[in-house]
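The structure appears below as structure tokens.
Letters A, B and C mark the chains as written, and numbering starts fresh at 1 in each.
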């Protein structure tokens, strides 16, 4: 099937960056260690903050590090290719098949995410497991649910990044929006601090935004915080955002096709 | 530095690169070394205009990098204005100007004038001298209307002229030009060549020109150094180059009617295609007697002369030296 | 003299950015928002506790503010040194080498931007607020000033030094982030959250503990929880100068490597 081929090709492309991947695993691990100690201090002062215990919190840290690249939290991934093609004007050729474009980049990004999961996801997790006390999924069902949640997280993240890249159609350069989006993602995904700690209206808002799908939801699934009907709701939340944002991508693409600004030349 | 010492002095220059190559049957890449420049010796006196030519990959840009201090030689010795380029880079930078053909050194978003002003500060050019130079170059290079235009809005030719001005404001002793006329239209090329010639005559600026354009060389350079496979295969005058290379020019004759191969002294027929015939004759010979002889004995509808390709010349040269 | 060249080049970049005022303002606002988010994180954290590892909010704010200030200043000064890899790739570094200005000055001044002013202001506000809780003496004022200056030097050295990795490799550059950004992150917290071995590392290997931790112990009148010599609380300038010196050596070595091997 075409999309599987696209994903495989993306996987292979990213797998050539071996040195960069190793360097990345190292850095992820260092940050994992730093945040683990910070959270341990926090939960030492407040042992049940946000409904987590200390072990939950430390596990959360390493899940965050593992998801950082998989979900491309800072931005990037294959949507950077899109932004580049918009910048050079090459995208004009691609736009003649708008239905295929979103699917194309999504398949590509999933291939990339698979690579990052296996390397910069698994790698730091193993190190975290070795150095700290982190908890594993309590049952095969939980593990499966996590896998589903993970895929949905990548899809939601992809859609947001696609929209960010599309701003290049109008702004000619995605970098400003990309930086902002990355900052919001760090904050609202729960990467900086678990969303369960966010007080009052801020917490409610944060848990409703799409970014919650990136880290908070998958992490909570792993930690067993969502069970039964609650689990279905959580996954449904991710799925809902995925569908809505992908539709937005298609919409934006249609707008862009009508108003193609070709830069260069 | 004595008067007789050359401005640029290159002796037994060598530059080897360590590369990692993919080899069949081995997983890891193999360490190998590539000799980019070897046994290179030449010198340039102040005030000369030298063409530094050779095929792609011959080692031209590697040499220029070593002359400007960007690259350290792995063997041999290079001195420019008495200085060792890699050791005294900053000091040497004050006395040289470099123009890269493809990349501009100007600040993209700002008007030309602002880039020049910054260069004045960086090179610490005396205000009076700066004003004079700027006025002069702007006039000669016809940049008057562009001074307040942002660099990104300039045409390629205007940007090139801006770059040249930028490289000359501080009265460098040597100007290195890398493909300066590439992409320019015929008129601009001519004007630029005139400018460079005048620069050399009026200010005695030494010029080192790397280019593929044979006409650049012919218009500007008294002297030519040909580099191939990392070493100099010719160092002398341009005319001598044609002689040495045994290069030939071609007279393309369009006869009124088809005829058997033309026979005139000093030329031989290379090719016949209907009424058109290609005659080649030695490059340093004049075309006039041959043209006269052909016109006298045959009904000629039209004729033209093709110059030898520098690549052919060099190739011939190298194959003869090997 | 080098400073003059730096300021001249930086000035040009500021004027270039000002050619696009809307874009400049947007980016500045954007950056301000980002730093605000950073601070909100800190505030959220303290919504759940009285103190962190025995340090009250205003004490943590002192640590956070001073480190952020030092980082903001250093970050503005070093500019694009983190992008040196791309300068090598595009040939821009070679162009810079044809100008009579030291290479490091040019690289740091290139694409100079005032965007970081947002972080600087926020850090100053936080630090200023935390300072109101400090029991000031003339010595403490001196120590505070020296802390900020040394912190700036330390971060400058840290970032320049580790960015030099890019002279040797283009691939594994993220490795440096563990030390540069990792070092910066660490300074936001009281170091007592870490085990003793880590604190030792942060004192003698990557000396970021001198950016704010040791001087702040003095400012807050606290004894060192890990039993380090009291002299460390005054030793920030030494650490700053040593780090800078090390960074400059690494830079020199990097440039030598570059000119010896070509790109």
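Note that a contact is a pair of C-beta atoms (placed from the backbone, for glycine too) under 8 Å apart; a residue touches a chain by one contact, two chains touch by 3 or more.
Bear in mind that the values here come from a model prediction, so they are computed numbers and not experimental data.
In this assembly, B is the chain whose CA centroid lies farthest from the centroid of chain A.
Among the chains, the centre nearest to the mean of all shown protein C-alpha atoms is found for C.
Taking each chain's centre as the average of its CA atoms, chain B and chain C sit 47 Å apart.
Separation between the centroids of chain A and chain C, computed from CA atoms only, is 28 Å. Distance from the chain A centre to the chain B centre is 53 Å, each centre being the mean of its Cα atoms. Contacts with at least two other chains are made by no residue of chain C. For chain B, no residue reaches two or more other chains under the stated contact definition. Touching of two or more other chains is recorded for no residue of chain A. Listing the residues of chain C that touch chain B in their complex gives 5, 8-9, 12-13, 15-16, 19-20, 91-92, 94-95, 97-102, 256, 259-262.
Within the complex formed with chain A, the residues of chain C that make contact are 23, 26-27, 30, 33-34, 37-38, 40-41, 44-45, 47-53, 169, 171-175, 177-179, 182, 185-186, 189-190, 192-195, 198. On the side of chain A, the complex with chain C involves touching residues 17-20, 22-24, 26-27, 30-31, 34, 37-38, 40-42, 44-46, 49-50, 176, 179-180, 183-184, 186-187, 192-193, 197-199, 202.
Considering their complex, residues 15, 17-18, 62, 65, 68-72, 74, 86, 89-91, 93-94, 96, 98, 100, 103, 105, 107-110, 114-115, 118, 121-123, 150 of chain B touch chain C.
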